[in-house]
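The first chain written gets the first letter, and so on, giving A, B, C and D; residue counts start at 1 in each chain.
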Amino acid sequence: MAAPISNLTLRELLAAGPFHAFLGMELLDYDPAAGTVAIRLPWRPEFERLPDSRQWHGGPIAALIDIAGDFALVALLGRGIPTINLRIDYLRPAIETDLWAIGRTLRAGRSVGVVDVEVKDGAGRGSYATLPST
Amino acid sequence: MAAPISNLTLRELLAAGPFHAFLGMELLDYDPAAGTVAIRLPWRPEFERLPDSRQWHGGPIAALIDIAGDFALVALLGRGIPTINLRIDYLRPAIETDLWAIGRTLRAGRSVGVVDVEVKDGAGRGSYATLPST
Amino acid sequence: MAAPISNLTLRELLAAGPFHAFLGMELLDYDPAAGTVAIRLPWRPEFERLPDSRQWHGGPIAALIDIAGDFALVALLGRGIPTINLRIDYLRPAIETDLWAIGRTLRAGRSVGVVDVEVKDGAGRGSYATLPST
Amino acid sequence: MAAPISNLTLRELLAAGPFHAFLGMELLDYDPAAGTVAIRLPWRPEFERLPDSRQWHGGPIAALIDIAGDFALVALLGRGIPTINLRIDYLRPAIETDLWAIGRTLRAGRSVGVVDVEVKDGAGRGSYATLPST
């Protein structure tokens, strides 16, 4: 296993890459022993669904859920983890306000990890490929 | 049922709203009788996963799948349709190039529609709420 | 809404029908106000995956998750509710022993309900059609 | 990789184990090079949803989808493959008649395989753990 990922490194990873930079997520908290993470996604005008709707489009919500699930395992395993698959449930329209997501690792196996993600007005579950690339 | 949505209207809906404008999707084709749609998502630098990786981040792919599934039902039913849930399988890393998605309606019931979406290097299926709002 | 379903009626529904009778589930607890339910599925030899493996086949586990999700909404809404779709995550092989499932309603909307299900060595989430048939 | 699984062996595997024996599936066809399989599940009275409904319970349909997805990869890879997760969409009530399922491999990677399953009145997709156990 790689060296544990520090607070600084996890924040850096969350900011790394052009799409993450576009989203603008903030690491609120994480627990590397439990494989949990809390991430905030502040509202920005490009996230709006329809003009003057003040509702979030589902796209940034899905991305937040995917990333929160992924980073729960990144915090636990100390390295990058690709997403295998994802289920997103949109429970209610999310109105313009910051979103947060809590990711909780259900399992971190040799080749597959599973994470539950709770988000305001939605819910998700993802599977991620934990096998180190060779 | 609302009046059928014209080619013009479907293109307009696909461009409407700030998040759609950010994505920049193009309607390639659609069949209102069958409930199918083909949409292209041209590459833009903000979609990159990691700097210089030339790989798509999963977020825009998930959004494309959601929207292609949704618009297959919009073409068929002639009105806006909210997403209930979404299942995404990432099959391979998608390298910098334009993406396309084909959405095919499997079922358009009284309260639920189901659409299969094929996308380069991925696959998705979504359920959508077809009950007209009152 | 139909009249609330009584403890007796919920037990009767859980026993009704040939497939439920084959499974042999037991209602442990339920809360009609919260839309939660706890169900036990005692081991029977027909559930075994491979001869002498003493492991559960995934089929009865999937059925238990589906039914626990469904009955959380049945308890809440007081009538039968068809399943729209289901995701099952098998977290670990389940060894011969009674299984239990806890279903917790996340949302009970006009046309769709969503329930999270926790089960020994697995997890599930289902969407169910809450629109009364006419 | 293990030696290719013969027609005889695949039929034997499909009959092996108490739960498979209860279901009573029949191998109709398979293609080990493409990773496809066709399986029939004949009706039996224990599969009925409600007395005199003549409708299939979702449980045996979910099990058929899981097994058809699994055996598409078993045919391709020549060894047993555990299920990671499973997504089931129930499109219409299935009335008393034999069911069949077609499983088509979308991807067979080093640690994860993905299979699309088509079934009368439903659809499914499963992820399976392809990493050989050590």
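Everything below uses one rule, namely that contacts are C-beta pairs under 8 Å (C-beta built on N, C-alpha and C of every residue); 3 or more make two chains touch, one makes a residue touch a chain.
Keep in mind that what you see is a predicted model, and the values were worked out from it rather than measured.
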Quiz item: By the touch rule set out at the top, what is the minimum number of steps from chain B to chain C?
Solution: 1
Self-check item: Chain separated most widely from chain A, comparing mean CA positions
Solution: D
Quiz prompt | Higher-contact pair (C-beta pairs counted), A-C versus C-D | solution = C-D
Self-check item: Separation of chain A from chain C, taking each centre as the mean of its C-alpha atoms, in whole Å
Solution: 29
Quiz prompt | chain C and chain D: spacing of chain centres that average the CA atoms, whole Å | solution = 22
Quiz prompt | Sequence positions of chain D contacting 2 or more other chains | solution = 84-85, 87, 89, 114, 127
Quiz item: Which of the residues in chain D come into contact with chain B in the complex?
Solution: 87, 89, 91-92, 106-107, 114, 116, 123, 125, 127
Quiz item: For chain A, which residues count as touching chain B in their complex?
Solution: 16-23, 45-51, 53, 57-60, 62-63, 66-67, 82-90, 93
Self-check item: Complex interface listing, chain A residues touching chain D
Solution: 84-85, 87, 110-112, 114, 127, 129, 131
